[in-house]
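Step one of this worksheet: look at the structure below.
A, B and C are the chain letters, set down in written order, and residue numbers restart from 1 in every chain.
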């Protein structure tokens, strides 16, 4: 007899209620403007019931079905990134005093405790990469510390997904407080932290039936059968393959729009700028998401190290899949496939990597 | 823990116009609790902030003293962009923001009891001057001091009297090269690498500090290796777009290195495969 | 210290960009404390030949007398900022440059064309005099104007933000209309400044802020063709508002056919 770990679907609201009672702002997936977005959630009926999706290079469509499930989609345009690494924020303000001196005021907003429901394994892996990268950044850290993460193992990977081949999904592997497996009639729950365990202790759980256990396994096996796979290539060689003809074809196809970097859950670049008040007495110092596809990214007194689309695409790909390994001990890609779906012209970086990997073999 | 993104106030004591577009700011921190920032090492940098305009990374040149013996930070800046041009407008008494020190400086401990060879090209001289000044201030810690300064045009040479002064010091060699030399240029006309060939280096007992345009640093390092200087004894000071200075904003990446954090001073073996690669 | 003197001049335009000042509300009062506005007809100040520190110029040059007037404005101004698509890249009225049938259109439209004195081609301000800063947009927004004034008050050049709409769209966490709806969106080649206004309201960007840096216009035009846009509609995407911006003119020109030659063309966009 297994331990009680099954929450009937009708009781999902008891999880949301419990979180709210414990003082959490709950954020969960919702259908907004034709996509799945994480937004403040009051009750379970706001969740995307019966929503499935089609993702292809450059294409993302939601489909309404009569199914009972709430998490039968892979992902939306954003992972957890906007919740921890704000798209735009003021870091500090400087005040010009009457005597000409400057006073610097630290601006760190406090985020209320936030429980995120419906987090994917790939996005947890990316979050852990961002945790490494933003270590020592107080702005990131205070948001990160406010998060309670409730994962849902991915049961419906999209055609653009390849998390099974990067080792980051489809199930949530680490970094969650609670993880759910969605079945037709409810959820099997496991705790990943003491906080998660105490939540679990307060939920009306039943023991899972043998059928439910079997469905869990079959569902996992099926989710692992993904169409895309990370090809074989040598990460440390990528940066030295700058003369490969693939970069010219990519430059021809690429808009240099930077959408791949904006939707990437591990991309971390930001630019800083000054926003002075009109009266001249105060000035805000901001940061905002930047991209290696922007001209300002590689600018240094009159010179751009990467003046064109070709060099920018090469930077993004060789960094994400190559230099990242040296920086953080693994690739910066967790297989979420967003850069493929949300590229307006549908470029698939895996195809480029396949070409580059072929050169290794030859 | 203090917030590394937050500047502290500094007052401009003096602004020295070095050339038409290069100037030196002498700065003092106004908050006594921030004096730890004076622990800045040669090769490291500070972010200098002009109110309402923005911040730029400026490598540290020297610490001097004012009339009362209080420490004074010196930063030499070339007015080329929005922020640097606006810093050029500063007058004594004006306030700016400063945060730092940031980055890895020259490997001073490794350099001890060895000969020091400082090779600099063009306007990249502040990080080089900082190590030279440090070496002369701690003269007994170092052996022979070789200084090679290359400039594009002889008129670009900064701090000429400083170089002339160093040239007269015992156990010191100063060699200068200008790609284009005006009449009356008493030194070499040509490339820095030609001067390196003339140096009586003790390869195993020398630490090289190199600073300047990347092609010049690469050519110098390759020449030094041909003269049997071990690659790991050659250190380069690199430059990229830096906005946060804490290794987070991503602009300064050079392959896997964040120049602001892993550099600006980086040993040549870590860089050599990437130097000269287009777009890196 | 004397307050910087400002003039706002109008050339061929709809006056909409001047509203970027008038719509400022309380900030207009703040602005008035920082600067002295000498000439701004829409706000009631008239001193057209005043010497000023900053001249804002709205509108394109479409008549011979405007050519003369802009030279005078330039001579009277320290720093000249064009505001809006007309001043910066010709605006809607520059559509007449495309087919080279200026005289035929004039004669067909006006009852007494002999009274109409226009240039055959509409040109942006920068084609006639030196422009120190171009603020794009149809219309420009107030934030850009105030940022430019503030920078000049600090004695520094204003920031010229050439990033594309896509970057801002993602910062705003707006859902991409091209990827979710297959709607042809100009965001990937258009400079930001609007705050991704149209996509935030669920519609495609129509390029009113002109080309961004490294605008990959030909690549986007090919993508539009892939989204089943007919050539005429592709041309309209690029040539609608900023037809005299080279990056748009070149891409749009490939697909352009003169309405004079083919009266059936048109109305397939939107």
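Quick note on the criterion: a residue touches a chain if its C-beta (ideal position, glycine included) is under 8 Å from a C-beta of that chain, and two chains touch if they have at least 3 such contacts.
Source: prediction; values computed, not measured.
Taken as a contact graph, the chains are fully connected, with every chain touching every other chain. Distance from per-chain Cα centroids to the pooled protein Cα centroid is smallest for A. Mean C-alpha position of subunit B lies 45 Å from that of subunit C. Subunit A and subunit C have CA centres that are 37 Å apart. Each chain gets a centre from the mean of its Cα atoms; for subunit A and subunit B, those two points are 40 Å apart.
Residue numbers of subunit A whose C-beta contacts span two or more other chains: 273, 276, 280, 290, 296. The set of subunit B residues that touch two or more partner chains comprises 51-53. Chain contacts: subunit C has residues 150, 154, 159 touching two or more partner chains.
Considering their complex, residues 91-92, 94, 96, 100-104, 106, 108, 133-134, 136-139, 239-240, 242, 268-274, 276, 280, 283, 285, 287, 290, 292, 296-302, 305-306, 310-312, 314-315, 319, 323-327 of subunit A touch subunit B.
Taken in their complex, subunit A has these residues touching subunit C: 32-35, 37, 58-61, 77-78, 82, 87-88, 252-259, 262-263, 273, 275-280, 288-291, 294-296, 308-309, 341-345.
Here subunit B touches subunit C in the complex through residues 51-53, 82-83, 85-86, 89, going by the rule given at the top. By the touch rule above, subunit C contacts subunit A in their complex via residues 27, 30-31, 33-34, 146-147, 149-150, 153-154, 159, 162-164, 166-167, 170-176, 178-182, 185, 187-189, 202, 213-214, 216, 219-220, 223. Against subunit A, the residues of subunit B that register as touching in their complex are 1, 3-9, 30, 49, 51-55, 78, 80-81, 84, 93-97, 239-241, 243-244, 246, 248-251, 253, 255-256, 258, 273-274, 277-280.
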